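Take a look at the structures below.
In what comes next, chain A is part of two complexes: it sits with chain B in the first one and with chain C in the second one.
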Partner chain A sequence: MLDNRLIGLVLALAGVIVAPLLLPVANATELLIFALVAASANLLIGWSGLYSFGQAALFGIGGYAGGYLLANTDLALLLPVVFGGLVAAVFAVAMGAMCVRRVGIYFIMLTFAFNQLVYYIAYSWRDVTGGEDGLFGIERPGALLPGLPEIDLNVPINFYILVAVIVGLCFLALLRVVDSPLGQILLAAKDNPRRAGSVGYDIHAAQTLAFAISGFFSGIAGVLYGMVYWIMPIDAVHWLTSGYIVFMVLVGGTSSMFGPLIGATIFILLQDFFSTLWARWPLLFGAVIIAVVMFLRGGVIELVSHVRGFAARRRAMRGEAGNA
Partner chain B sequence: MTTGLIIVQLMNGIALGALYALMAFGLSIIKGLLNIPNFAHGALYLIGAYVAFEVSSSLDSFWLGLPAAVLASAAVGVVIERFGVRRLYGSAYLFQLLLLFGIALVLEQCVILIWGTLGQSLTPPGILMGAVDLGVSLFPKYLLFTTLVSFLVIVGIWFVIEKTHFGAVIRAGLERREMVSALGINIELLFTLAFAMGAGLAGLAGALAVPLVGVSNTMGTDMLAIAFVVVVLGGLGSIYGAIAAGLLVGIVQSMSALWVPSASTVLIYAMMILIIAFRPQGLLGER
Partner chain C sequence: MTSPLVSRRRVLQGGASLGLAGLAAPAIVGRASAADELVMGTITPHTGTYGYAGKQVIEGAKLAIDMHGGEILGKPIRHVTRDSEGKPAVGVRRLSEALSEGVTVFNGNYSSAVGLAQSEIAAKRKVLQYSAGGSEDFTGSRCSRYTFHWSANTYTAVKAMMDYVQKQMPNAKRWYTITADYVFGQGLLKYAEVIGKEMGIEFVGNDFHPLGERQYTQYITKAIASEPDVLCLLNGGSDAVTTLRQFHNYGAEGIQIVTPWGLEADQMPELAPEMREGIIIGQNYYYDIDTPANRKFVEAYREAYGAPPAYAGAYGYDSFRTVLMAMERAGTTDVAEAIRTLEGMEYDSILGPTTIDTATHQTVRPYFILEGVDPAKMEHDSDFARVVYTGSDKQPAELNECEDIGSL
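Showing the complex of A and B:
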C-alpha cells in the first residue's frame, strides 16, 4: 500500500512538472485547482459514502469569500486564501449537519438543494458577489504573508508554482486525514453505519467533520480559482460544476485519493479539447459521461489496477514457466 | 396592502404550487418505484415547454401543443429508461445520478441546438385570455386554468393509483419490488410506464408554464432544483407529500414576493432547511 502511494506521489509530482509544458499555464493551474476540489470531494464520496452533489457550493463560497477580500482589501495573499477555506468550512458544517441525517436519494437531493441555495444567494447578493456578472477585480497580491518579500504573481508560471505548492500541501493533508482514525471511522460508517454506530462512534459527528474538512479544502481551491482569471464567475457555484466534480471523482475512481487527480486531468483535457471543437461542447461532454457510466464504472484507477493485476499474473506465469 | 392583492397572490401561489406539485409528483413516482434520483427531470420539463411552444406557435393551437408536450416528454422518458437507467438498476446511486446528469446535459444542449439560446414567449389561447372577476379583485383566467388542469391530472392519477388494478400493482411495487416481480408481474414494463408517467407529468408542467413564463433554456435547471426541494419537503415514502409540499412552496414563494420580492427564491430554500431541521422525515414522511 505504501509503495503504491509513493508511486502515486511521484507520478503526481511528475504531472505537476509536465502540465505547464503541455498545456497553457492558466489551464494547467485550473487543473491543479480542480484536482484539489475533486480530492476533497472524494473524502465525502469515496471515503464516507456521502454522495454529495453540492461540492460547487463549498467551492463557490470559498471563492466568493476569499475573492471579496482580494478584490476589496490589500491583505497578503494567504490570509484571504485561508479565510475562504474557513468560511466554506463553516458553511459545510451547517450543510453537513443537515444532510447527513438523510441517506440515499434524499441526501443527494438535499446537497443539491443546498447548492442551489448558494447559487441563488450569489445571484441576488450583487453587492458582494457581482451577481450574474461574477465578482470582478480579484488581485494576486505579491506578498504571501504580511512582511514577506513580494513575488510577481502576474507572471503565469510563478502563480502556477504557488498554486502547485498550496494544492500539494492540501493534498498531503487530505492523505493524512484519510489515514487518521477519522478516516477509519468514515470508512467503517460507509460500510456499515449501524455497526459503526453501535460500536460507539458518533457517525453523524464524524461525517459532519468530514464535510468541514472537505469544505475547507474546496474553499481554498475556490479562492485560487478566482485568482486564475481575476474573476469569480457565477458558473462556479452552478450545479453543473457539482456534476463535473462528481464526474472527476467517479471517472478517476473513488477507491484511492489519487483517482480524483486523474479524473480532474481527464476533465480539463476533455474540456479544452471539446471547447475548441464546438460551442456546444457540454453535449459532447454529456455523451462522454454517459459512456463512462455505461462502460467504465470503476474509474480509471481500477482500470489501472486491472491492468497491473493482469501484468502481475503474466509475470507470475512466466516465472513458473522459467522455474519448470 | 389590500386583501384583494393578498388573495390574488395566494391564488398565484396555488397555481405555481400546482406546477411544482406536478413536477414533484412525477419525481416521487420515479423515485418510489425505480429508486432513482431523476436528474433529467428538469430537462424533460424543458422539452415539454419547447415542444408545447413549437407546436402551439406553428399550428396556432395550444390545445395540440399541450398533449404533444406530454407525449414528447413521455417518449423521451421511455428512451431514457429503456436504454439508460435500466442497465443501472441495482448499481450505486452515484452512477445513476451521473448517468442522468449526463443525459440532462445532452438533452439541454440538444434543445439549444434546435431552438437557440434566445428566450421566447407565447400568449395563452384566446379563450383563456383576460381575467375573471373574483369579487375582491381580477384574476387571470389562464392561472385558473393551470390550477384546474394540474389538479384534475393529479386527482386522475390518484384515482388510477388508489382505485384500479394497475394502481394496485404500482402500490405493491412501491412497497416490495421483488415480491411484485416474484408474483409474475412484468416489473420491467411497470418501470418503463412509471418513468414515462413521471416524464409526461414533467412535460405537462413545462407546457403549462409556457404562457406564464415563456421558454428559456435555463428553465429546466431552475425547476429541477425546486422540484427536489419539494420532494425532500414532501417526505420519505410518501408520493402525496409532494403535492402538499408543492402547494406550500408555491404559496410561500408568491406570498413572500409581496414583501421581499428579491429573496423569494432564497426563502424557499431557507424554509426547506428549517423544516428539515425540525422534521427530518419531511411533512408527510414516515420515519
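Showing the complex of A and C:
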C-alpha cells in the first residue's frame, strides 16, 4: 500500500513538472487547481459515498470570498487564500449538516439545491460578486505573508510553482485525512451506516466534518482559480461545474485519492483537445465518458491495477514454467 | 479555408503520433512560430445556445483575412479558432490556450459576460481584443486600453430609436416600457428616461420582468390599460419575441411597438408576418446598409457562404478589417502601435463613417432603425424589414463611467 502511494506521489510530481512544458502555463495551473477540487470531492464521493452535486458552490464561495479580498485589499496572498478556504468550510458545515440527514437521491437533490442557491445569490449580489459579469480586478499580490520577500507572481511560471506547492500541501493533508480514524469511520459508514452507527460512531458528525474538510480545500482551490485569469466567473459556481467535478472523480476512479488527479487531467485535456477537432465535439467527449463508465467501472485508475494484475499473473506463470 | 485546417491537421498529427502528449501539440507548435506571422484568434461559441452565431463570427473573421489577401505587411496571417461554449470560465481557458499559439489579436465573444472576463486577460497579457455585446461596461466601468468595442453603445441605440419615433410621430408622447430586470435592460431604461426627458416624453408606466419570463400578459394588460402611444420593449432575444407574440394576441390598435436592441433581423422569421408589420427595431447591422464597404462585404459573404451576413458575421468581419486597417496605417503588426493607431482613428467601416473614441475605446458608428415590411409588399424571402433611419450620437461623456482606461 505504502509502495503504491509512493509511486503515485512520484508520478504526480513528475506530472506537475512536465505539465507546464507541454501546456500553456495558465492551463497547466488550472489543471492543478481542478485536481485539488476533484480530490477534495473524492473525500465525499469515494470515502463517504456522498455524491455531492454541490462542490462548485464550495469552490465558488471560496473563490468569491478570497477573490473579494484580493480585488479590494492589499493583504498578503496567503491570508485571502486561507480566508476563502475557511468561509467555504463554514458554509460546507451548514450544507453538510443538513444534507447528510438524507440519503441517495434526496441527498443529491439537496446538494444540488444548495448549489443553485449559492449560484443565484452570486448572480444577484452584484456589488460583491459582479453578478453575471463575474468578480473582476483580482490581483496576485507579491508578498505571500507579511514580512516575507516579494515574488513577481505575474510571471506565469512563478505563479504555477506557487499553486503547485499549495495544491501539493493540500493533497498531502487530504491523504493524511483519509489515513486518519476519520477516514476509517467514513469508509465504515459508507459500507454499512447502521452497523457503523451502532458501534458508537456519530455518522452524521463524521460526514459533516468531511464536508468541512472538503469545503476548506475546495475553497482554497477557488481562490487560486480566481487568480489564474484575474477573474471569478459566475459559471464556476453553476451546478454544471459540480457535475463536471463529479465526472472528473468518476472518470479517474474513486478508490484512491490519485484517481481524481488523473480524472481532472483527462477531463480537461480531452475537452480542450476535442473542441479543436469538430464543432460537435461534445458527441466525441460523451462517447469517451460512456466508454469509461461501461468498461472501466472503477475509473482510469482501475486500468493501472488491471495492468499490474496482468503483469503479476504473467510473472507467476513464468515462475511456474521455470519450476516445471 | 487554409488556416484553421492547417492547425487542425497539426493537432491531429500530433494527437495520432504522440498519444497523450499530442494533446499539448498546439502549445509546442505555437512556441515554435516566431513573430514573422500575425496570428489572429476568434474565440466564439461553437456549441450551446449561441453556436449558430459563433459559426457566423468565424465566417466573417475568415473573410476579413482572406479579403486582405491572407497577409499583412509581407507577413502571412494565421487564423486560430476556439470554442468558448458561451461560458466565461471556458472562454478564458480557451483564450489563454490560443495565446500560447501566438495570438496577439482576438475577437468573437458573443456574450458580454465572456468578453468582459477575457478583457482581464487581454490587459494582463497585452493582446488586442475587439469585443461585441450589449454591455456598456466594456467602454464604461470596465474599460481597458487593450479592449475595443464594436457594438454600438446602448445610448446610441436608444437615441437613434427615439429620434426616429419623434420625427415620424411628433405627437407620440405617452410611452410605456417593459424592461428585462438585469443590467442590460436597466441600462436601456436609464437612457430612455434621460433622452425622453429632453424630448418631453411622458413615461406612463414600466414593468420589470425576470430574464427568461414566459408569461407577459400581466404586463401587456397593464400597458394597454394605460393607453400609451408607444410600447417600448427594453428586453432582448427570446424575451422580446415572446412579448411581441403575446402582445399581438390582444389585437390592440394604435399602439406603436418599438424595441431599440430587442430583436436581431435574423430573428424576424420567428414572428408571423402580421406581427412584424410596422414594428420598429434597432440594429447594430443589417445587410441592406448602403455603403461601398458593406456592398463588397455582402457580395463576398454571399459568394462564400450562400446567405447574406447578419450581426455576428458582420462583427467578425468588420472588427478584424478595422484592426488590419490600423496595422497597415501603423506600418507594423505590433499590438501597442496598433492600439495607438486605432485610438481616434477615423475610417469608413461597413457601417458608414466611423471613429474610435480614444477615451473609452468605443467604436462610434451608425446605428440602424428598421421598420417591419407589410407582408404584401415583401420583395423577396428575407425582406422582413428596411432601414428607415440611422443615428450615430455618441454617449455623452458625463454618462460614461470609464475613469481611467489604463496604460500600454
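Please note the rule applied: the second predicted complex is superposed on the first by the 308 of 324 C-alpha atoms of A that agree within 3 Å, B and C clash if a C-alpha of one lies under 4 Å from a C-alpha of the other, contacts with A are read in each partner's own complex, and residues count from 1 in each chain.
The definition used in the following text is that contacts are C-beta pairs under 8 Å (C-beta built on N, C-alpha and C of every residue); 3 or more make two chains touch, one makes a residue touch a chain.
Quantities reported herein were computed from a predicted structural model and do not represent experimental measurements.
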Who does A:24 touch here: chain B (first), chain C (second), both, or neither? second
With both complexes overlaid on chain A, does A:131 touch chain B (first), chain C (second), both or neither? second
Given the touch rule stated above, what does A:272 touch, chain B (first), chain C (second), both, or neither? second
Would you check which partner chain A:290 touches, where first means chain B only, second means chain C only, and both and neither mean what they say? first
Which partner does A:74 reach: the first (chain B), the second (chain C), both, or neither? neither
Touching A:150, do we find chain B (first), chain C (second), both, or neither? neither
What is the contact status of A:282 with respect to chain B (first) and chain C (second): first, second, both, or neither? both
May I ask you to decide whether A:179 touches chain B, chain C, both, or neither, giving the answer as first, second, both or neither? neither
Examine A:102 and indicate which partner it touches, taking first as chain B and second as chain C; both and neither are also allowed. first
Which parts of chain A are touched by chain B and by chain C alike? 280, 282
Partner chain C, residues of chain A touching it in the complex: 22-24, 26-27, 30, 126, 131-134, 136-137, 154, 229-231, 233-236, 241, 269-270, 272-273, 275-277, 279-282
In the complex formed with chain A, which residues of chain B make contact? 31, 35-37, 84, 87-88, 91-95, 97-99, 101-106, 108-110, 112-113, 221, 225, 228-229, 231-232, 236, 262-263, 265-266, 269-270, 272-273, 276-277, 280
For the complex, give me every residue of chain C touching chain A. 7-8, 11-12, 15, 20-24, 26-28, 46-47, 51, 55, 82-83, 85, 87-90, 92-94, 96-97, 99-100, 112-113, 116-117, 120-121, 124, 135, 137, 142, 182-183
Taking the touch rule as given, give the residues of chain A at its contact with chain B in the complex, in rising order. 45, 51, 53, 98, 101-102, 104-106, 108-110, 112-114, 116-117, 120-121, 124, 239-240, 243, 246-247, 250, 280, 282-283, 285-290, 292-294, 297
